[in-house]
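We just call them A, B, C and D in the order they show up, numbering each chain from 1.
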């Protein structure tokens, strides 16, 4: 159910190293670009699991039998941190329909928080492959809530949840809430620690702030 | 108060022509790319109004006195249609802080609607230049509401509202609601008609659907 | 020695289908973009064969042990058709040194031709991994000549020759001229036919013309 | 005949400042990206001088009279330093035909050098607008030689020579060799000094090396 693409070395690990590195983070354009590149690699790897069909195309010199995607997956992104990561998926799945969800952490005075969903924009997901994109799988609450909210009572064919970094705890939370026939989890690295404020350690910091600046 | 960049010919008009054209719209990647390119042009034109300061940089062969932005403007985008347009601004203002607002049209049974704000994420705007990005200035309600919501009781230095296409009615609505000392409106073309459903005609259709697919 | 990435379905095959398709070719920006995306996929796949080392990076919340490329490969491109394909590699290997070679077909009156090298710009290749990039492996003459010219009497660690489309004949030519310990050939599809003018059929036409326009 | 776009402040000057800055140069991806963005700004400014025509396009909601480029200019680039700068032009003039020239400095033992042209690939230039792209206008020899070589005995409508940085000496050399009815020179900054090795000071160093790495 969980596929860790960073387990075997590829340029993905270089990009993740740069995403973590405070020195590279100083250039927010590089931070966003690394998110985008990582998104492209996940998009490619997930594309191996999708269905294809053959068709005939006319080339300048003849006709060729080619293999094309049967249908494009739906790309769903959790705002705002997911946007540059989503851009990478969109670069490769340029004909996809897209969903957007905003989830935010409502903090209580005692330091605890709950995740709430506000904005939702989505296409029909019935029978579709859904790729749910959030760079950090920390507690797993946002991913779970966003997934439930998006799907509602529809039945997607399958859901791929994708995060660049995950905590052990977050992965376990997803495992408890979804079956492996419903959901595949893709990650680039798994970190051991999760702070009380649900930050992954060593992680990379706050992905939203690094991409778009601090918010009030 | 209103600057129509399309009035004098430049490649901007080529891009706007392609954005309107149903044949080019078939490739949603081209649609998004045209939004992005238009965003870059507006970003550049607006940059002429910003404040610069000189500083010394070390080159491989000496030291040069150069002119750099004193501070970067804050880029605020209305979801979801504004995202590819925002990307163009972010390409040029890569060090900017960003704000996101979701506005949606709540339709009533009689066909009328009101615009509601859900998600808001924003940095401090006190004394800052704000660029508010929405590809279509139709009724002007979303732009106005988003602007009020973002600003709250802060006092930005100045707000630039930017739309690719505007209706005469939308522009008039902004003029009635903001003074020219507060707000400058930048557009690429002004269309005469606004339908009862607040679509600009001939316009380009639904920018959000064209960029990201239809939603439920 | 020959790895055909198109053999198993992935989004790569979708991109190759679009590269071949005269209807998509009409938008030269899409043609170049498809070349670029295909370049990124090959770059990623080749990156799995490269050497990595662990290092420590400082994150905002701690320090992480990460895996990074030991050295970047050298990217060598055959002009002019290779440029958009090269861009894809450069997107992923952004710290690479680059080489450029121009090869052109000198046509004789009897219809035959020989390939000649003009412009060469290259870094030191001694002990380096070389990725030699040319979208079409037709006769195999250009690839072979460019490789000999670039390498001279240096000894690269290994050379990866990458083409989007190859002919059976071109692959055989490479096999006869290089050993599998020296060279790995990566392709996206293998077409059966090669015309007397050394065009791959069904192929995709003239990659240089499609990307940059016809030349005198 | 000479238009210095950096004379009045815009984000262009920010990009040029970063191009000069050794600290930003450390990330060659940022160096190339800055070249590309500067190329887009020049492309836009030059587009104001081109000819447009009106045509009718069908939008989803009606038909619109729009203004489009009558013909696209030809983009000619001097290898290899010109490539990222050319990419910026190509982003905006995506339907243009392209020319490539390689010019190199043949150094003599006494330290002097002459510029030689090797590779040339070009479309028909008769009656066309030509944009000749080279990031550095140092001595002016390469630009002049490349222009003569490309044009041969054809008669372009007009030639725009574009450089990010120019020396006073280089500009004077162009002025002596071309008339203002033939050629317009566009630059982003003019530096005073030119070394005996024809490097602009303070300049930005060797643009080709910074974009693509040192060569043998």
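The criterion applied here is as follows: contacts are C-beta pairs under 8 Å (C-beta built on N, C-alpha and C of every residue); 3 or more make two chains touch, one makes a residue touch a chain.
Since the model is a prediction, treat every value here as computed from it, not as a measurement.
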Exercise. When subunit C meets its copy subunit D, do both sides use mostly the same residue numbers (more than half shared) or mostly different ones?
Worked result: same
Seminar exercise, completed: Maximum distance between Cα centroids and subunit C occurs for chain B
Exercise. So how far apart, in whole Å, are subunit A and subunit C when each is placed at the average of its C-alpha atoms?
Worked result: 30
Problem set entry | Numbers and ranges of subunit C residues touching at least 2 other chains | 27, 29
Seminar exercise, completed: Residue set of subunit C touching subunit B in the complex reads 27, 29-30, 33
For this session: Quick one: which bits of subunit B touch subunit D in the complex? Just the residue numbers, please.
Result: 6, 8-14, 16-17, 20-23, 25, 37, 40-41, 43-44, 47-48, 50, 52, 55, 57-64, 66-69, 91-93, 191, 195, 199-206
For this session: Mind listing the subunit C positions that touch subunit D in their complex?
Result: 27-29, 32, 79-80, 83, 87, 90, 94-100, 102, 104, 118-119, 121-124, 208, 212-216
